[in-house]
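Quick one: structure below, then a few questions.
Letters are used for the chains, namely A, B, C and D, taken in the order the chains are written, and counting of residues starts over at 1 for each.
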Amino acid sequence: MNSFGKNIKFQIFGESHGHSIGGILDGIPSGLEIDFDLIKSNLAKRRCNAFGTTTRKEPDEISFLSGVKDGFTTGTPIAFALPNKLHQPSDYHFEVTPRPGHSDFTQIAKYGKFADISGGGHSSGRLTTPLIVAGSIAQMLMPEITFSAKIEEIGGTQNWDELLRATTDAGDSLGGIVSCTISVIPAGKGEPFFYSIESALSAMMFSIPGVKGIEFGAGFASARMKGSDYNDIITDKSGTTQTNNTAGISGGISNGNDIHFRVAFRPTSSIGKSQKTVNLQTNEITEIKVQGRHDVCFALRTPVILESAAALVILDLLS
Amino acid sequence: MNSFGKNIKFQIFGESHGHSIGGILDGIPSGLEIDFDLIKSNLAKRRCNAFGTTTRKEPDEISFLSGVKDGFTTGTPIAFALPNKLHQPSDYHFEVTPRPGHSDFTQIAKYGKFADISGGGHSSGRLTTPLIVAGSIAQMLMPEITFSAKIEEIGGTQNWDELLRATTDAGDSLGGIVSCTISVIPAGKGEPFFYSIESALSAMMFSIPGVKGIEFGAGFASARMKGSDYNDIITDKSGTTQTNNTAGISGGISNGNDIHFRVAFRPTSSIGKSQKTVNLQTNEITEIKVQGRHDVCFALRTPVILESAAALVILDLLS
Amino acid sequence: MNSFGKNIKFQIFGESHGHSIGGILDGIPSGLEIDFDLIKSNLAKRRCNAFGTTTRKEPDEISFLSGVKDGFTTGTPIAFALPNKLHQPSDYHFEVTPRPGHSDFTQIAKYGKFADISGGGHSSGRLTTPLIVAGSIAQMLMPEITFSAKIEEIGGTQNWDELLRATTDAGDSLGGIVSCTISVIPAGKGEPFFYSIESALSAMMFSIPGVKGIEFGAGFASARMKGSDYNDIITDKSGTTQTNNTAGISGGISNGNDIHFRVAFRPTSSIGKSQKTVNLQTNEITEIKVQGRHDVCFALRTPVILESAAALVILDLLS
Amino acid sequence: MNSFGKNIKFQIFGESHGHSIGGILDGIPSGLEIDFDLIKSNLAKRRCNAFGTTTRKEPDEISFLSGVKDGFTTGTPIAFALPNKLHQPSDYHFEVTPRPGHSDFTQIAKYGKFADISGGGHSSGRLTTPLIVAGSIAQMLMPEITFSAKIEEIGGTQNWDELLRATTDAGDSLGGIVSCTISVIPAGKGEPFFYSIESALSAMMFSIPGVKGIEFGAGFASARMKGSDYNDIITDKSGTTQTNNTAGISGGISNGNDIHFRVAFRPTSSIGKSQKTVNLQTNEITEIKVQGRHDVCFALRTPVILESAAALVILDLLS
């Protein structure tokens, strides 16, 4: 099921090369003034004209179909759509020779011969566009909370320009690590079991294509610490801590300090280099090169996606 | 909300020092023969008599209140309870001087003065007991799938005996890394958005007390790989891959290879060493030592918890 | 929350006088050939050109935005939209002088001054259009089950032509009773508690504007019967019964006989006759006449709505 | 799935002749003082010693397993159980010769040979006991709202003593009509689609064994009224109406007037009179008489069930 939320509901739709992509966001109170500039600006950040990102630059023209009147929310479900304009039908037949590392094979396994995998189908990174629209609206409802993501490293380095160029020239691709800080939600939010803040945030982050790991605060490094080093000393009755190894979450519940997490993106699966794969019809091994437009490093475009996605989660948690 | 599942439902209840702990598991078909020995054996693994684990050894006597008749499931909700027998009311007042790194503070922030935080309350590691009961039943329904977890490292080492003794002597605590392999679920399961297999598994794993990170397959290391190294080459039409960097999941959907993930546990928060904390009544800094029974390293007891928790997730996914 | 379903999900959107109405239907398997003629035919039945129905005749041009390719479902969420073309902004100010019996007052109470109540807003009977689209797709998936609704009476009579004309002339409105038969779902479906078949069907039927009562089988009359008259005698081991007072449902679960229910529609609230109401600004009583296009008897248009709505419920139940 | 609620969660468990019945109520805030007398008093009303009700009088001793400490809720899930003490294993074999009108046949169809149908199993009226416990707690949270149900008629009469005796003597059974008034919830609650107040209340009421119809306000009679008679005139800006044909709900949303509904109970299915049924093993018609303890008229015991069930629904709606 492709819907999110307990207190608000977000249902996403669309395929990379279909008619439109979009979503329905339900549970938003009436009277919120939509900041269209914020939406545009966030969509522009996601398009990202940086070197190493795809040359498909959709204009991302958004239509609100319901729930917004004269620039304000009406309290009913907010439906919106963005047409796909610049898709180019592929010459390749990935339904026969699935790309290694890509969801071609798994989508065929799930949906069969009627799967619409062109451009990645419903699993495409393009589907993060509606996520940004919904997340931007969530941010408008919580102006007192900041969501701030940044790229920590690309391909293992923090100055990645040269590596990115060399990798592009080699027809290869890169991953990266992106962090996000949420400042700050009140103490006492989240649930001990099954809806811990880490559970809610991680479930959302693993919906973003390419994410293969997440850690909160000291994360994996905490497994190598002593308790006496790890434990964050509380310094006043409001709950401020000296350190923040636990990332503002204890027992699944917020403690009023910053929430901080890091996400690992695998390298983009589509690469220009020749790769082996199986021909699903003949069961023979063959070679493919993935041409066309794709990101050398999708991670470069993801900070705004993390911010938007985190905002949706926090809105649901606080609603 | 303390409930899990879309196709099956598991609702957990209990506090560490309350009357009973237990749960209701709904959606299990009729006619499953309950393997009581498996439940007992899994509960024994969780109790774990290893050096470095708590001396509170509850007998874990389980009563089935409904849904099981003559050893077989009837198809109606399965309720079960395990009494708390060996709780010792603490002499300490953690509601006034909350333990650093513990959920004392966040539970008070959430529930106020009526919070039952004794022994960790509803956030206690003891609540993983009902999870094991439910997960064991889930495993009985899927005998063709194995769930196999193991400790990778404790305190950063793979031979941790000496470190564990020294840490115990010092009144300190340790974390660890535990991995889990699921062999194997059919290709085509999971959803592209919001219910990716990684989303479902990570949401569950972050419900287990002390987990602060999770990675699938190559995980964080994948962020430093090239696509040409990362991409798993498909070697036949059934989807077998040469490598398994993606951990059997592509685009959120299973590809028929092993699912593999690693989880980071922070060190146990309760330590014997003296620690500073705030007195919530006076707002002054004070020193506390946490005596009583607690694990030096909770991670030691967690492999069976990961296996059970993963089984619940996979059952929900396949139901 | 304006979403339906446990196993399939249907989220509806739109306002009577907004940009578009539509929905997202998720959980439909891939490979279903969409019978566009059935959708068109069902939408035409709802438009219904009978005397006594509104003169607003939207063309109901439907666009599929996702989830359908080359006429077949792809397995991903099916989004569709129908533009509102023929709405006429009202000259009346029902936000000041709410219509008696209408949802003007309650929508203002719920959404405040940003409510979009024009034409009934999100509560309009027009929102049954997306319900028909989704229900028609549901029917395509269950060709072996028939959903057959018919008008039992209008204004208390079974030959209502004359009454309808007289009521129209008087500027008044009528209600009616509509029945629906579902032939036939397998025995053993439904849940004893909270998801009985009656629960699921009634929850859906009370979403249809104007419904104020529902009864299954002998319904209210059964309250006046003896058990020896009411009990349906089972005549063979497949569960066939001599009578069907229980409407094919016992203990919330289907018994394999026809499911039959009757629904009561109150008279349309918009009437041409002069009515008193309060002016919400001055708190004074005033008189209003509701001009413009509206149904004298909405019930006339509802059989296809009941069939579609029932099909969605049964699909969710059988999925 | 046997769980209820969007904002609160109630999961019910138990079989009529099993170990215990009970439930888990989650989402109740901390600090509510449990009024144990109210629970006892409501359970006593359900046991109901009136002539015409079953002679099985369970003591209804309730144990709170979690979520309550020193008489106050702690904010975590409230689990409770009531043992079954007075069940008598039946001499009859209703799994072979299912009682007409009873859920024997449908439970066997659903659960197969492992079904526990003794005493009605999970579908027994006894399962309304945990509903009363949960509903009583819900009432404690909303002391400003009254839930008041009463028997309108039994077997079609309002003075039913004589009819009840005669029916008992004849080994037959009776149904009845019970009404419930909710005074009063604020205007603006409920949703236009899929979660109208009528939807939520009817779904719950049809979970109560034996309910076959529900109507709100003028209900079925409204189908025979003119709009000019039906429409409730609003007499002041707070939304007070002159009449209350719509039962306080317009467009699915509350208008601040009393909510009123009537529920039809079919006659109890278990009767002493000889009845024909099929032998599921031989497919031959046979005669059975249902002896043992059962209600001649279950409706007599239901007012407190309706009040409790309605309270749960309203709590979920207002949470």
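The rule is short, and it goes like this: a contact is a pair of C-beta atoms (placed from the backbone, for glycine too) under 8 Å apart; a residue touches a chain by one contact, two chains touch by 3 or more.
Small disclaimer: the values here were computed from a predicted structure and weren't measured.
Steps from chain A to chain C, minimised over paths through touching chains, total 1. Distance from chain A peaks, on a Cα-centroid basis, for D. Inter-chain centre distance (chain A to chain D, centres taken as mean C-alpha positions): 45 Å. Mean C-alpha position of chain B lies 38 Å from that of chain D. Chain geometry summary: the mean Cα position of chain A and that of chain B are 26 Å apart. Shown for chain C are the residues in touch with two or more other chains, namely 1-3, 12, 76, 110-111, 121-122, 192. Interface residues of chain D, counted against chain B in their complex, comprise 1-3, 9, 11-15, 18-22, 24, 26-27, 30-31, 63-67, 69, 72-79, 81, 110-116, 121-122.
The touching residues of chain C, when paired with chain D in their complex, are 1-4, 6, 12, 98-103, 105-107, 109-111, 120-123, 127, 153, 155-156, 167, 172-177, 186-196, 198-200, 202-204, 206-207, 209, 211-220, 222-228, 230-237, 239, 241, 245-247, 249-256, 264-271, 273, 275-280, 283, 285, 299.
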